[in-house]
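Here's the structure, in structure tokens; my notes come after.
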Amino acid sequence: MPIRILVAGGTFDKEYDELGGRLFFKDTHVEEMLRLGRSRVAVAVQTVMMMDSLEMTDSDRRTLLEQCRRAPEKRIVITHGTDTMVETARVLQDGVLDKTIVLTGAMVPYAFGSSDGLFNLGSALSFVQVLPTGVYLAMNGKYFPSGQVRKNKKLGVFETLDSSS
Amino acid sequence: MPIRILVAGGTFDKEYDELGGRLFFKDTHVEEMLRLGRSRVAVAVQTVMMMDSLEMTDSDRRTLLEQCRRAPEKRIVITHGTDTMVETARVLQDGVLDKTIVLTGAMVPYAFGSSDGLFNLGSALSFVQVLPTGVYLAMNGKYFPSGQVRKNKKLGVFETLDSSS
Amino acid sequence: MPIRILVAGGTFDKEYDELGGRLFFKDTHVEEMLRLGRSRVAVAVQTVMMMDSLEMTDSDRRTLLEQCRRAPEKRIVITHGTDTMVETARVLQDGVLDKTIVLTGAMVPYAFGSSDGLFNLGSALSFVQVLPTGVYLAMNGKYFPSGQVRKNKKLGVFETLDSSS
Amino acid sequence: MPIRILVAGGTFDKEYDELGGRLFFKDTHVEEMLRLGRSRVAVAVQTVMMMDSLEMTDSDRRTLLEQCRRAPEKRIVITHGTDTMVETARVLQDGVLDKTIVLTGAMVPYAFGSSDGLFNLGSALSFVQVLPTGVYLAMNGKYFPSGQVRKNKKLGVFETLDSSS
């Protein structure tokens, strides 16, 4: 059965508006990234929202939860802003019981040469195929079960809650 | 325990020699790629050889096998040319029993903008953390147990042996 | 005699702040771009300011004018934001009489894969070597004498004042 | 009047054949590069040949000369392999008297992230607009009149004939 990819925006998909000189959201880059990665994994890509995760509300999180429930697939990747990825994961964990869900994102927009996005997408898509039922974050090459992870905003990395680094 | 990354060369690491106008091997890009991916996975990177996998001999494969055995780590990623990745996997499968080994590579050199390398490295590094003991290939976003995969040289993709696509 | 390159910031040099999720200025990319272009033109690169040209004041423009006057070189390239490049050119035209000055910039930051910056720098550095005394803009592969050009902010291109395109 | 761009191949246009693992020629990247540079210069792009300039024969050079003569434009840019660019320039110089012709190329294929191609194209397109009648090479940010330049194959740069560097 294919894997569902739910797009929620985040740094991943920020683009440069050359008329306004600002970063903005247009379309997701996920399909282009899968082509670049020569991915042959059967996926259904669905854009749910395109937003900075700092602006995400409880209502937005319920929408994501609802889409996870409705999806016929048992395995779901969500591309999401990193700032509140941990919060969204918790909402999903409380509400979806029988699926493997992996959230991922990027520290640098895909459109930049120096983006971590392609690495993270390869990572999330791989973890989702083999991890047991549950909600996880895939960042920095690792996976973290929801509830056991935080974003270290000073370093810009994810770490387990009892981590001291 | 950290993950061992054994570098065997392949398209992954081909560079452009601007004086000679040819592709050649110099140093591995694996460490640079891990930095780009903001990887925080503990790894030990070891260059075993830098070669086109079409030129790899039985002796080279035994060297790789020997390095897999000697490595203190239980989980190993090998970056390898795609043309004979299947053959090397078989040699490792016959010789290493108690480790998880994932071979990966690239269809386009990392130094090209259009490379699948970063996606594949993220994928392989993720699979190796969660797959049980055994030898696998990680390409095209999927993993294939050794012995059940071939490279479709016409399409430039990997497929399971009974696949018809 | 070498060419002076005065750096005034602009889109050219915007970088992505991965902790804050915003574009910002750090160091100029001009030297890195000249290396990439394998430039062998003798240049002296001098950072005068690093700012969005929308925030540039009359005082900033006088500073640039002063640096143009003080420079021992007869040929000067200025990297500058595109939004007020035309205004700065006019100030320089009124104040510097005996030098060839070429302003250039970028519509997309150099750090993005899709930047026009490298093309524009190659263009400006070439025009400055052959154009007679005067102040010019080099954008979109063309040169425009100061006073005869405007930025079409809707299209994001430069055009001669009597242009109707 | 527009500028004619004659494409003769060279490193500029080398691509990576991911099935064969080799560099090869397919289509020119010149139009894509002009788009990236947001060029608004009126040009007519014409592919004359796609070859490594080391394999170029006298007959190929006569073909280029013929195309320069036939072109209605007075200003012509030729993208060409760097190895024999000097030889082709000499043939053109002997045969075309009343046009400005600028040859350029690249040390690294455009498809590589680290290419000098975009810089060189911006440079050549600029020089051709302002230089007087004659045949020139535009490389390394400079222009060299034909007959006064050689490629230093050890350093991979162009230098004037009396240069000692």
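Every chain is named by a letter (A, B, C and D) in the order it is written, and numbering of its residues begins at 1.
The rule is short, and it goes like this: a contact is a pair of C-beta atoms (placed from the backbone, for glycine too) under 8 Å apart; a residue touches a chain by one contact, two chains touch by 3 or more.
These numbers were taken from a predicted model, which means no experiment stands behind them.
Enquirer: Moving step by step between touching chains, how few steps can get you from chain B to chain C?
Expert: So the least number of steps between the two chains is 2.
Enquirer: By label order, what chains touch chain C and chain D together?
Expert: Common neighbours, chain C/chain D: none found.
Enquirer: Can we say the copies chain A and chain B touch using the same residue numbers, with more than half in common, or are the two sides different?
Expert: Comparing the two copies, chain A and chain B contact each other through largely the same residue numbers, since over half are shared.
Enquirer: Centroid from C-alpha atoms only, then distance chain B to chain D, rounded to Å. What do you get?
Expert: Averaging C-alpha atoms per chain gives centres 38 Å apart.
Enquirer: Mind checking the centre-to-centre distance between chain A and chain B? Centres are C-alpha means, answer in whole Å.
Expert: The mean C-alpha positions of chain A and chain B differ by 26 Å.
Enquirer: Indicate the whole-number Å distance between the mean C-alpha point of chain A and the mean C-alpha point of chain D.
Expert: Distance between chain centres: 45 Å.
Enquirer: At least two partner chains per residue is the criterion; list those residues in chain D.
Expert: Where chain D meets two or more other chains at a single residue, that happens at 107, 113-114, 156.
Enquirer: Considering every pair of chains, which are in touch?
Expert: A-B, A-C, B-D, C-D
Enquirer: Going by the contact rule set out above, which residues of chain A touch chain C in the complex?
Expert: Counting only chain A, the residues touching chain C are 11, 16, 18-19, 21-23, 52, 54, 83, 107-109, 111-114, 153-154, 156.
Enquirer: Using the touch rule from the top, collect the residues of chain B that touch chain A in their complex.
Expert: The touching residues are 33-34, 36-41, 107, 114-116, 118-127, 129-131, 138-143, 156-159.
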